[in-house]
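I've put the structures underneath this note.
One chain, subunit A, links the two complexes that follow: it is found with subunit B in the first and with subunit C in the second.
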Partner chain A sequence: MFRRLPDPAGRIPFDFEGEPFEARAGDSVAAALLANRVLTFRTTPVSGAPRGPWCLIGNCHECLVEIDGEPNRQACMVEVRAGMRVRRQRGARVVPD
Partner chain B sequence: MCRREYDVVVIGAGLVGAAVAYGLARAGQRVALLDEDDATYRASRGNFGLVWVQGKGVGRPEYALWSRASSERWFALADALSEDCGLSPSYLRPGGVSVALSEDELGDLDAKLAGLRHAAGTAAYDYEILDSARVRELLPACGPEVAGGAYTPYDGHANPLKLMCGLHASLVARGADYVTGARVEDIRPLPGGGLEVHSRRGRIAGGKLVIAAGHGSKALAAQVGLDVPVYPEHGQILVTERTGSWLGFPTLGVRQTDEGSLLLGGSQAERGFDASAHARTSRDIALRALRTFPCLGSLRIVRTWGALRVMTPDGFPIYDRSRTHPGAFVFTCHSGVTLAANHAFEASRWVVDDRIPEEMACFAADRFDVPQAA
Partner chain C sequence: MSEVVELAIVGAGPAGMSAAVAAREQGVEVLVLDEQAAPGGQIYRNVEAVASGRPGAAHALGEDYRAGAALVRAFRRCGARHMPSTAVWEIGAVARRQDASAPFELGILRSGSAKFMRARCVIAATGAQERAVPIPGATLPGVMSVGAAQTLLKSSGLVPDAPAVIAGSGPLVYVVASQLLRAGAPLRAVLFTAAPAARIRRRPRALPAALAMPGALRKGLAWRREMARAGVETLDVANLALDGVDRVESVCFTHRERSRSMPAPLVLLHEGVVPSVHLTLAAQIEHAWDERQHAFRPARDQWGNTSEPGLLVAGDGAGILGAEAAMVAGRVAALEAAHRLGKIDSRRRDALARPHHASLARHWRFREFLDIAFEPDETVLRPSRPGLVVCRCEEVDVSEIDRVLAHGCLGPNQAKAFTRCGMGPCQGRMCGTIVSEIFAKRRRTGVGEVGHYRIRPPVKPLTVGELAALGDTGPEPAATEGA
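On to the complex of A and B.
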């Protein structure tokens, strides 16, 4: 479905739901996940419906994931770094006391 | 340009106009609801969403009673809208808390609510002043600066956009005509009774006319001989990412929506017709919210906006009927969510009956016609 343009830049390892994934340098988390055929990034807080990126420019908040333990990050607005741990955002985040 | 005839033409499709039009449609009236366009100052789309009674009506006990009656009627409104269009405005009434960040603020709350209870007389006015321990029972997330608060059982909240959408869908379902892009330029009485408005969508005639045009009401009311001195008061809202439910009661400055977002607000400023969001105001709102609930510090703000309340000099609504143009009414207020149920079920009846009840006479516009002392 998504195919990479030829790109000489290096590969960046990261982790999604505990599995090893690979991104290209400069990828947003959203781009990297889509290139790895991940479509469901989160489930909604209200109905639990599965969702994935829609606008890819920071407006729609459909691409929320947990990054290195921080919930509700916009995957399209964060650049992948080596060793990053990414998980799906499942429903509403919890507010720490 | 076609000319259409209705029992009632309502100018203004915000929360006030839409609620009145909905009530009229329910009463079997043929209604046209005229909306302007997205370039106008739409207070109804910038709302915080409280259905709030606490503290309202100082110096005007009728307003306290009126607000309270609407919070009671809101259950019926929510049911009616769900039934008519399938969209619930998510009304909840757990009661509301005003949070005090100092002993002085707590004293002010106490004095204000004692005064309202005294003024309410036999109607009673149920409230509880919360000490430091009690406020934490209701709101465990309170920070160390919270000195106490006040609780009244009459307060609640709703989703103002679902309310707006629900009113529009329901009034259309009940046969009213919603006309968008219909900025009204001119109002003329018709020979033989009724009024005709000249709008950008043509001439529209009605036996009666309701002006509920928010900031546009001033100029329109002048055409039917009423002086309606409304002015814009700036308010601003910050919205956080959605979270699981942790705030059990709406407060004046912070509430959690049914879908999990936290809304932070409560600002008041006079800036004329400037509805933009201001960084300094955002900072003040966020600081007060953080002092109240420090856990908010872990949340991202995802949206912020400004809007212009339709304010009167004394802060109370205007409900009036033209003496020079029979059948023409003006309704305006800054609490379109709180009062929506009254407007749908009560104010619409005044239009049908062609009279505003005696007990509402204190809300006539001529209360502002007082010569200024030299």
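On to the complex of A and C.
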């Protein structure tokens, strides 16, 4: 879906749905997922429809994912970090204990 | 004990950065709060890193983007405190409650910790956001805004590698199409939904307005030639709809009265930009409906003063006028703030601002041309197709809004209670103006009379834990940049 222009940024390992993924330093979680051909970030709480990012600047809230166990994170507003564990948000968020 | 700054500026885009530089020139103490990790706003996002070390993206994004590096440099050197990666979730006026010398309280969120800060004066430079595009299939994965594709190029050097379809209206369509082509991205087609040439012919005011800024007009024509040279199919279309099961697969439209469709693994939509008003709406200052721009914006005078004395607005958040004008408006608002803070008298303020006011007037004349040429179609502004999703978060469609209207629902706020439209995570950022437009159309009244959803702080996501910790003042978060 997307390819990278030549970029000096360092490579960063992270984890999506239990699979090892690679990002570049400075990527948002959303950019890193799109670069790895992930289009569906969540399913909706109402109908369960698949959704992916629309605006990538923090407005639409379509890119909500679970990051390191915390639900409702805006993937476009969080910078990816080494070892991050990212999961799709399925339906309504679950409040962790 | 919370600290009081003279001037807090919300947003480090062109308006916020130039306001900071201009205010510092008048000896004002300035704190700039910005959501991004580096200054630039959406238009100059990541410009320092791109201009200095990413030649591929720098070439694709072009000269106008790279020029933003100069403003960022001036901002870094101006002596303003810069607090990056900081969300502002409330601007509250507390003058009437307690401290007249520090009438504003800003709710901020930084590194997972929420707190309040105080300021004597505030310039909200919140910028713009792309208008929602409520067409069938717009919620499918693989459908993004044109601006989103540009953000990926600026922040991560990512470009589409499958033949994308761009569809919509507005200058950004041309800008991004030419940027993606320069980056070597395959474009399947560019579909124009507003037939700008026909609109210009119908409206006699358009052409004289266009001549207010011949340079900008030439730039637009150059982008068109760039698309033609690259051999991209460009079509005037109507009845745009997207199709697919779990992701977008094709685009359907009518062209010259004939139905057509084309495969599309990635679709980029755009119908212009509107002011980002959630923060100013939540501040409870007066807002006006701009008939020509089809958007709400804060009511303001030529200095950026709003209905709340000491709270100013500048840049696209105060009305869409573009990045160049935003820099000028930022300087104007800064001069007014410096005057209000007692740094300069009104004669000096007026003398310094005179050329800026003249420049802004020219920008407004040219903007009329853009507003006419790229006015979104009725079907985008006031969708009426049954079953079409309006509120993406709560999946409320046109039929449901129509149903509550038929039952006598009074307006957008009551519609929230009946349908949950506007009550999802985006807080009505995507559906707000659409729902107001639908009400105005059915009730045969003005959108300004209908009004916008009532927006309440916090306007950025805040956890209960972060809210609960608000009572602890704690140590001041260190501002990382600036002197």
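To be clear about the criterion, the second predicted complex is superposed on the first by the 94 of 97 C-alpha atoms of A that agree within 3 Å, B and C clash if a C-alpha of one lies under 4 Å from a C-alpha of the other, contacts with A are read in each partner's own complex, and residues count from 1 in each chain.
As a convention for this text, a residue touches a chain if its C-beta (ideal position, glycine included) is under 8 Å from a C-beta of that chain, and two chains touch if they have at least 3 such contacts.
Small disclaimer: the values here were computed from a predicted structure and weren't measured.
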Classify the contacts of A:N72 with the two partner chains as first (subunit B alone), second (subunit C alone), both, or neither. both
Is subunit A touched at more residues by subunit B or by subunit C? C
Scan A:H61 for contacts with subunit B and subunit C and give back first, second, both or neither. both
Once the structures are superposed on A, label A:P53 by its partner contacts, choosing first (subunit B), second (subunit C), both or neither. second
Is A:A92 touching anything from subunit B or subunit C once the two structures are fitted on A? First, second, both or neither. first
Show me the subunit A residues, by the header's touch rule, that subunit B contacts in one structure and subunit C contacts in the other. 46, 61, 64, 72
In the complex formed with subunit C, which residues of subunit A make contact? 1-8, 24, 26-28, 31-32, 34-35, 39-41, 44, 46-47, 49-62, 64, 72, 74, 76-77, 79
Per the contact definition, I'd like the list of subunit B residues that touch subunit A in the complex. 141, 241-246, 259-260, 295-296, 298-300, 302
Mind listing the subunit A positions that touch subunit B in their complex? 45-46, 61, 64, 72, 91-97
Which part of subunit C faces subunit A closely enough to touch in the complex? 35, 37, 42, 46, 49, 53-57, 60, 129-130, 139-145, 147-148, 151-153, 155-162, 183, 246-247, 265-266, 276, 392-395, 424-426, 429-430, 461
